Structure formats: C-alpha cells, structure tokens
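Look for chain A in each of the two complexes below; its partner is chain B in the first and chain C in the second.
Here is the complex of A and B:
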C-alpha cells in the first residue's frame, strides 16, 4: 500500500505541474505579485510531494520490500544499511527520482531565497523550472516507474552490483546530480531573461551563487567518480576518457567558462548574448550527460538496463529542453542592449574572454571524441574506439594556454589601460617558474611533457602567490593584530585563490602520476621477494576469508625497507554469491608523496599469482586539488553573501 | 590601437585558435582510432594479410578449451563461431574472463596472432560487450538476450 502512495504523489505532482504551466503561460504577458505568490506556493508543494515520494522509495529499500520490482532487482536483505539506501539511486528509476527531487529542491530554494529578484524574472524562472520538472515526471511515470510491483514475490533480492557497493560511490551520484541540476538554475535565468527581455548587472549577481554551487558540486561529483575508479577498478589510473566520464566533464567545462564570464557581466553590460548561450549550453550538456549515460547508448557500469521505448522519450525531452530555448534565443537575443565591446587587450575582461574561447573549444574536442564513434557506427557500421591518445593530442594542448592565462589574469585589472607594477609581477612569475623548471629537469626520467606540465603547475602556483603578495603590499596593512588579518582576508577574493591553487595542486598530481609512475606486472609465488622502483616487497601468504556478503581471497605482502617490515598490503579478490560476480580490491598505501598500489590477479601454487604493482607519485594531489577547487567555490559564495550584507 | 584593428586582431585570434584545434582533432582522429572486428570480419577485410601495425580490437567469445595460462603469458583463442584468432597476452586477465565469455582484446596483429596489450571483459555476469553482441547477432550465431 505504501509504495502506491508514493506513486500517487508523483502522479499528483505531474498533473499539478501541467496546471501550473498552463497558469504560467496564461499570465505570461503580465506577471504580477499574485502570479509569483501562486508559483512560489506550488514550488513548495511540488517539493514536498516529491520529497515524500522519495522517502517512501527509500523506506521500501530499507525494509527490503521485495514486492517492488526495483527493490528486488537492486537490493538484498543481507546488504549493509548504507548500501540499501544508496541502492535507491544505484539504478535507472531511482536515480531519476533523485534527479527530480534535486530539481524541485532547487526550484523551491530559488522561490524563497531570491526575494530581491523582480517578480517578472522570478515568475519566468519558476515557470521554466516547472516545465523541466513536468517533462522529467512524465518520463518517470510513463517509462521508468520506480514503484512498479513484481508479479511473483521473490524470496530475496538480486543484490546491487558489487562494484557499486562502496562509500565513495554512494555519494557520487547525488553530488553529480546537484551539479547537473544546479545548472538548470542558470538555464532558467537565461530563458527568463529571454522571456522578459531584461538583463542587467543584478541578474548576473543573483545568478552567480547558483552557478557556483552547481560547479562546486559537479567538481566534487567528478572527483569522487574518478577516485572510485582509481581504487575500485584496479587499473591504477584515475581518468580513462571513458564516454561516461566525458559526459560529466563537458558540462563542467562549460560551467567553468560560464562561472568566469558572468563575473564580467557583474561589472559591465557586455557579452550578454554569449552568457545566455553558455547558460543554455551548460544545462544542455547536463541533460545530454544524464541521458547519454542512462540510455545505454554508451556502455559502462553506468548504463543500466536499456529500453528502446525510452530512447524516443529522451529525444523528445532533449528537443523541447534544448531546442525551445535555442529558438527563443534566435528570436530574442538581438533585442538586448549591450555596451559596445571596448576591451583593452591587457585587461581581465580579455583574459576571461580568451579563457571562454579555449574552454569551449576544448569542450568541442571532447564532444567530437565522445560522439564520433557513435556517428561512424550509424553511418557505415564501422565500430571504433577512441582512447586517451586522442585526448592527449587535442584536449591537453588546448587547455595548456588556459592554465597559462590563469596565472596572469588575476594580476590584471578590470578595464584599465595601465596596470601598476605588472611587469614587475610578471618578472617574478617568470623567474619562479624558471627555477621550478630547472628542478623538474634535474629529476630522473623526466621528459619534455613532464617539464611542461609541471612548469604550468609551478607557474600557476607562483601566479597566485604573486597576486596575494602584491595585494598585501597594496593594502598597506600591518599584520600585528589578528583582526587586521581577517580584515585583509575579507577584502581579497579568497575563493578564486583557493580554486586556482586547487588547479595548481591538481596539475602537480597529474604530472607525478602521468610521467613519474613506476609499474611492475608479472607472476610471483608465496615467499618471493622482489623490487619495484626503489621499494622492496615480500609475498607473505594467501588465504580465504569471509566478508558480510562476500567471500574473499586475500593475499598479504610486506613492504620492506632495509630488511625490516614497514607496512603491509592486503589485496583481495572478492566473490559475491548473490550477484554471482567477482571484484578485485586493490591494496593501496596512500601517502602525501605517492601511493603504492597492488593488485592481485588469477593464479595458483604451481605458476604463482599474477600481480601488478604501481608506484603513483603525488596521485592523491589530483583529488586534493579538486577538493580545493570546490572549496574555493563555497568560500566565494560565503564571502559574497557577507559582503552583500555589508553593502545592504 | 584603432578599435577596428583591435576587432580584426581578436577575430584573427579566434579563427587561428579554432583552426589549430581543428587541425589537432583531425590529426588525432587519423592516428588514434582503433577499429573493432570479429575474427570473421577481420578475415573478410584483410584476407591474407598477416601483420597489422595499427592497433585493432578483436571481439568474440573465448573459445572453450583454448585457454593456456603459464608463468609469462596467457594464450587463448577468440571465436565468432566462424573463425578463430589466437591471442597472446602478458598482463592480468580481467575478473570476468573465462571460457565462453564475451570479451574484447586490443593489440597488434603479428603473424596472424593478436599480441594484446589489453583484454576487456565487462563487469556484469549477464553482460555481453555490445560490439560483440551486435556482431554475433549479425552473423546469426547468437539470438541476443531475452528481455526481462
């Protein structure tokens, strides 16, 4: 009975959204206080109903109600509680419900948060959000109902794919979805501007925190996914340019471009059309990402059961959600009054413009690499795959100038012709990087690309340091009191520094992992002692152990230094009887300077066990850098709120 | 600087970046594409060619009783029930590698044998790599999965 209530809640919300949309269209000529009031209330109602429905589904998973098809297919009574809960979104239907839950949450938050937005714009924003919500609810109700019952009650569930039974992955989809769906807000702002025909600096300021939240969440979501792939798949890498990874990376790139260009609009009325187009594009890529992954068009762990009837529906949604706004854009975009572009070449604006140009071009190369195999298959049936080599040859060279500019751009001033002390700062920057380059060059086995990649990291890091030092000098503050220190902190744009340092840390990690990795692969037997790089390993024993819902073959290796045991590594092979599948659990010793990564393969006493060992220098910096970037986003939201309060 | 020249300069910059990017993409596509064949398709396409320098992917089922694993390498045959290709692989076989399972091997063809640098099997027991499934259905060997 309870699941039916959840289903009915979804149906009620779906019907309600249709009525809200009709109401919205009827009043589109004259949005007044009353319309806004109604729309706000309905946003609250939609949110509450979907939230209840989501809770009901979660409840069914927790009590293992196997009369629900979704639960019996994706859960098992013996599964730990956290994976019962994460199982809710570990499948197609449940993840879509999570999607609409986040969407309605965002809509509700806009409706209560932004009271300063004028009623016309706010009505348009809520209206557009409601249309998206309605489309997704239709998709859920007609093709992917999470509350479907089974015909015959099974004794127990079929379990969740063991690869997905993991804490990192429990959080990965919600974070990613907050990012994807968060971009719907800037999308609605853009469409709202097209409907009302009004755009101003306040528009940009009000939109900014939403993009920042979405961007930060997306950053964390992607990083979690990459981290999971690193420790769970046992391939020793952290990014494989898999189409599914690309699907989440493309909206991130566009969102990054948007995040920067909106800052220009906050200052002066230029680039309006470009920003509106970017906002529409960013969310389009999110939709494309959601559906590319879910439709089974691409294959990976993410592609849940695919069903052709969904394909048509997906195309319809994409056509309405992307095509509609683009047509509106073509009709209305010329009506915006824009200041004539009078960019000084050495100004922040032009640097951001270049950043946008490079980022969108880079996105295009990723898009081509992702979709080209699909097109080729459709046209002449040739099946191909495009691997990392393609992206190294296209994406990397296009992104290098972005990092180059990233160090300089914060040093430039808005609009100004003369930059004080710019040449001094640049000289400092160049000297610092030059020393870094020499150090890098001296490291053994370093290659040209290693030096380039590493230098970019140092270049960026020095850029941020230069910026902070020069600001300290300019502010003429004496740091003898803690209060003055905080005053200074509140003056500078801390978020940007965090985010840019994050990129520098990330690049350092990439340099270490890509160019200075050592690897060994072969067969070893119990008792063998062998060297990998400058480390020595001893194969101690291998045994069978029982886990909560799996059996495991666990090997023990001793990490030796001067004949003494300094650490133990226990790689496993796990067998999950319920799901009838086997997974590899790599043993990873995480360190600040690098990871030792050991994978156990097949084998027996006669020929030994196949093992792979990697030493990945600085690899954890990759995710550390991503966390710093996301932190930068959060800091800048908090700081902006504070400064706005001061102004008010 | 004259605004007109400035605009021209910006336009020139944009065009040159796009131009370089296009060139990079085309070059990379030409060099880094890996084609997928089943053993039978490979035979049809290349006939008696015994060596292929570029990387290719071969997909099919692991032939029953063909797997030999010794200390240095694993040797097995991939079949589409029409033709077989022998594969040599030095690395670690994936968890779901077993006889009769659909897999994809990537490598170069040398003397009619695939020297693989990568062997892929997907994560799910019921799962067939889609390229393999397509090819097997096309050649009539396999009817495809029954829909639940």
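Here is the complex of A and C:
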C-alpha cells in the first residue's frame, strides 16, 4: 500500500507540473505578483511531494520490501543498512527519482532564496525548471517506474552489484547529480533572460552562487568516482577516459568556463550572448551525460539497463530541453545591447576570454573523442577505439595554456588600469618555475612530458603564492593582531586561491602518478620476502574470513624496513554468494608522498599467488587537489554572501 | 545488463592473475624487450574487456597477445610491423590510438580546427574592444 502512495504522489506532481506550466505560459504576457506567488507555492508543493515519494522508496529499501521489483532486483535482506539506502540510487529508476528530487529542491531553493530577483525573471526561472521537472517525471512514470510490483514474491532480493557496495560510491551519485542538476539553475537563468529580454549585472551576481554550488558538487562527484575506480577496480588507474567519465567531465569543463566568464558580466555588460549560450550548453551537456549513461548507448558499469524505448524518450527530452532554448537564443540573442567597453590586452577580461576559448575547445575535444566511434560505426560500420593516447595528443596540449594562464590571470587587473609591478611578479614566477624545472630534470628517468607537467604545477603554485604575497604588500597590513589577519583574509578572494592551488596540487599528483610510478608483479608463496623499490614485503599468511554478506580470502603482508615491520597490508578477494560475483579489494597504504598498492591475484598453496604491487607517488594529491578546488568554490560563495551583506 | 557486468567482472578477475609472462626471455636485450612489450601493450585494446588495454588486462586473449608481441620483438620485428600485423588480424578497433586515415582525419584535426575558429572570433572581439 505504501509504495502505491509514493507512485500516486509522483502522478499528482506530474499532473500539477503540467497545470503550472500552462498557468505560467498563460500569464507570461500579462504579468503580476500573483503569478510569482502561485509559482513559488507550487515549487514548494512539487518539492514536498517528490521528497515524500523518495522517502517512501527509501523506506521500502530499508525494510526490504521485495514485493517491489526495484527492491528485489537491487537489494538483499543481509545487506548493511548504508548500502540498502545507497541501493536506492544504485539503479536506473531510483537514480532518476533522486535526479528529480534534486531538481525540485533546487527550484524550491531559488523560489525562497532569491526574493531580490525581479519577479518577472523569477517566474520564468521557476517556469523553465518546472518544464524540465515535468519532462523527467514523464520519463519516470512512462518508462522507469520505481514503484512497480513483482508478480511473484521472491524469497530474497538479488542484491546490489558488489562493486557498488562501497562508501565512496554511496556518495558519488548524489554529488554528481547535485552538480548536473545544479547547472539547470543557470540554464533557467539564461532562458529566463531570453524570455524577459532583460539582463544586467544583478542577473550575473544572482546566478553566480548557483553555478559555484553545482561546480563544486560536480568536482567532488567526479573525484569520488575516480577515487573509487582507483581503489576498487584493482588495476591502479584513476582516470580511463571512459565515455561515462567523459560524460561527467564535459559539463564540468563548460561549468568551469561559465564560472569564469560570469565574473566579467558582474563587472560590465559584455559577452552577454556568449554567457547565455554557455549556460544553455552547460546543462545540455549534463543532459547529454544523462542520456549517454542511461540509454545504454555505451555499455559500462553505469548502464544499469539498456532499453531502447528509454533511449528514444531521453532523446526527445534532449531535443525539447536543448533545441527549444537554442531556437529561442537564435531569435532573441541579437536584442541584447552590449556595452562598448575597451580593455587592455593584458587584463583579466582578455585572460578569461582565453580561458573560455581553451576550455570550450577542450570540451569539444572530449565530445569528439566520446562520440566519434559511435558516429563512424553508424556511418560506415568502421570500428575504432579511442584510448588515452588520443586525449594525451589533443586534450592535454589544449589544456596546458589554461594552466599557464591560470597563474598569470589573477595578477592582472580588471579593466584598463595598468598593473605596476606586473613584470616584477612575472620575473619572480619564471625564476621559481625554472628552478623547479631543473629539480624535476635531475630526478632519474624523467621524460620531457614529466618535466612539462610538473613545471606547470610549480608555475601555478608560484603564481598563487606571488599573488598572495603581493596582495599582502599592497594592503600594507601589519600582522601584529589576529583581527588584522582576518580582515586581510576577508579582503582577498580566498576562493580563487584555494581553487587554483587545488589545480596545482592535482597536477603534481598527476605528474607523480603518470611518470614516476613503479610496479612489481610476480608469483609469491607464504613466507617469501621480496623487494619492491626501497621497501621489502613479507608474505605472512592467507586466510578465509566472513564478512556481512560476503566471504573473503584475506592475505597478510608485512611491510619491512631495515628488518622491522612498519606496516601491514591486507589485500582481499571477496566472493558475494547472493550476487554470485567476485571482487578484489586492493590493500592500499596511503601516504602523503605516495601509495603502496597491493593486489592479490589467483593462486594456491602449491604454486603460490600472483600479486601486483605498485608504488604510486603523490597519487592522493589528485583527489586532494579536487577537494581543494571544491572547497574554493564553497569559500567563494560564503565570502560573496558576507560582502553582499556588508554592502546592504 | 547482467551480461555486461559479467564480462566486466570476468575481465576484472582475470586481470588480477598477473604472472610472469615475460620471465622466460633469453636475450641480451631482456630489459628492452620487456619495456617495449609493455609500451606496445598499452596501446592495444583488450577486445573482450571494456576500455582496457591488454597491459591492464589478464584475460586469455590479452595474455596470448602479450606473448605474441614479445615473441615478435625477440625476432627483431619493428613496432610498426607489429601494430600492422595486429591491425590486419583484428581490425582498427584493436588500436587504442586510432591511426590517421581518411575516416579519422576529422577525429584528429577537428579539435584544432575548432581552436583556430575560436581564436579567430576571440581576436576579432579583442580588436573591436582594444584600446
């Protein structure tokens, strides 16, 4: 009975959204405060109904109600509670419900937060959000109903794919979806501007925090996915240029471009058309990502269900949600009046312009790499595969200038004002990087690419440091009191520094992992001692252990240094009887300077076990860097809010 | 759906059982051949896996191919010829780095064409706004 209530809630919301859309379109010309009031209320209602429906589904998962098809296919009574809950979005139907829940949450938040938005724009924003909501509710109700019942009640569930039973992955989809769906807000802002025909600096300021939230969440979501691949898949890599990874990476790149160019619009009315186009594109890429992952067009762990009817339906949604705004854009974009302002070639504006040029080209490159094999196959049946080599040759050289500019751009001034000490700062930067380069070159076996990649990291790091030092000097603050320190912190744009340092840390991690990784593989038996790099490992024992819903073959290795045990590594092979599948759990010893990564392979007492050991220098910096970037986003939101409060 | 996951897991399980394929080389250039084999393996797709090179994978076919590459290297056959041999046998899709042919010209050059176009617009914009 309870699941039916959840289903009915969804149907009610679907019908209500249709009525709200009609109401909005009917009032689009003759507009008054009453319309906004109604739309705000309906945003709240949609949110509450979908939230209840989501809770009901979660409840069914927690109590293991196997009369629901979704629960019996994706859960099991013996599963730990956290994976029962994460099982809600560990499948196609549930993850879509999460998608619409986040969408309605965002819509509701805009309706209550931004009372300062002019009401005509606000009603357009809510209207556009409601259209997206309606499309996705239709998708859920007609093709992927999460509340479908089974014909025959099973004894127990089929369980969740063991690879997905993991804390990192429990959080990965919600974060990613907050990112994807958060971009719908800037999309609605853009479409709203096209409908109302009005755009101003406030528009950019009000949109900014929403893009930043989405961008930060997307960063974390992607990083979690990559981290999971690293420790769970057991071959030590962290990014595979898999189409599904690309699907989340493209919106991130566009959102990054948008995040920067909106800052120009906050200052003066230029690049209006470009920013509107970017906002539309960013969400379009999110939808495309959803389409790629959900339609089964590309197969991977993410393609829970490949059902062609769903693919067609998503294609229709895609056509409406992207095509509509683009047509509107073509019709109305010429009506915006841009200010004719002049700025110096060495200014923040032109740096951001270059940033946008390279980031959008990089996005296009990833898009080409992802879809080209599909199109070629459809076009003349030729099959090709695109691996990391392609992206190293195309994506990397296009992104290198972005990092190069990233160090200089914060040193430049807005507008045409000349920066007095620019050449001094640049000389410092170049000298610092040069020394770093030499150090890198001295390391054994460092290739040209290793030096380039590492130098970029050093370059960026020195850039941020230079910027902060020069700001301290310019502000002429004496740090004799803690209060003055905080005053200074509140003055500078801390978020940018965090995010840019994050990129530098990330690049350092990439350099370490890509170019200085060492690897050992061989067959070893109990009692063997062997050297890996400058450490030695002792194969101590192997035993069978029982987990909550799996059986595990656990080996114990002692990490020795000068004959003393300094650590223990316990790689596992797990067998999940319910799902009838096996996973390998690598033993990872995470350190600041690098990870020791040990994987247990097949074997027995007679011939020994095959094992692989990697030492991955600086690998954890990759995700640390991503966290710093996301943190930068959050800091800048908080700082902006504070400064706005002061102004008011 | 389950088929895909099964294939995936199959590769996963196999990929762990790495053994010393390359241990039995009797050549003065042993280190060079091991290095070269791995280098080539990284550019060869494991056809039964998903988006994995044979270097990462340890499925039967990946093992066979690695031995084959090693043998060919020992016989003094060049990289180019090994790639060509594999291509003739399994088609272009075995190469993770697609070769530059008429059907991949766009793949390789489109990013840079887009960059050129973009630069043109940016320069035009900067010129009209340049002081």
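Throughout what follows, the second predicted complex is superposed on the first by the 645 of 648 C-alpha atoms of A that agree within 3 Å, B and C clash if a C-alpha of one lies under 4 Å from a C-alpha of the other, contacts with A are read in each partner's own complex, and residues count from 1 in each chain.
The rule is simple: contacts are C-beta pairs under 8 Å (C-beta built on N, C-alpha and C of every residue); 3 or more make two chains touch, one makes a residue touch a chain.
Computed from a prediction, not measured in an experiment: that's the story for all the values here.
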Under the superposition described at the top, does placing chain B and chain C together on chain A give a clash or a fit? clash
Just chain B (first), just chain C (second), both, or neither: which does A:610 touch? both
Have a look at where A:357 lands relative to chain B and chain C in the superposition and call it first, second, both or neither. both
Chain B versus chain C as contact partner of A:481, first or second or both or neither: neither
Looking at the overlay, does A:390 come into contact with chain B only (first), chain C only (second), both, or neither? both
Who does A:541 touch here: chain B (first), chain C (second), both, or neither? neither
Examine A:602 and indicate which partner it touches, taking first as chain B and second as chain C; both and neither are also allowed. both
Larger contact residue set on chain A - chain B or chain C: C
Residue overlap on chain A between the chain B contact set and the chain C contact set? 161, 163, 299, 301, 305, 341-343, 345, 354, 357-358, 361, 364-365, 368, 372, 382-387, 389-390, 393-394, 398, 521-523, 573, 581-584, 599, 601-602, 610-612
Sites on chain A touched by chain C in the complex: 161, 163, 233-235, 237, 240-243, 270, 299-301, 303-306, 340-345, 350, 353-354, 357-358, 360-361, 364-365, 368-369, 372, 376, 380, 382-390, 393-395, 398, 416, 521-523, 573, 581-584, 599-603, 610-612
Contact residues on chain A for chain B in the complex? 161, 163, 299, 301, 305, 341-343, 345, 354, 357-358, 361, 364-365, 368, 372, 382-387, 389-390, 393-394, 397-398, 521-523, 573, 579-584, 599, 601-602, 607-608, 610-612
Quick check on the complex: what are the chain B residues that touch chain A? 1, 3, 6-7, 9-10, 13-14, 17-18, 21, 24-25, 27-29, 31-37, 57, 69-72, 90-93, 95-96, 122-125, 129-131, 134, 148
Could you list, by residue number, the parts of chain C that touch chain A in their complex? 1, 4-6, 8-9, 12-13, 15-20, 43, 45, 50-53, 56, 91-98, 103-104, 106-108, 110-112, 114-115, 118-119, 122, 125-126, 129-131
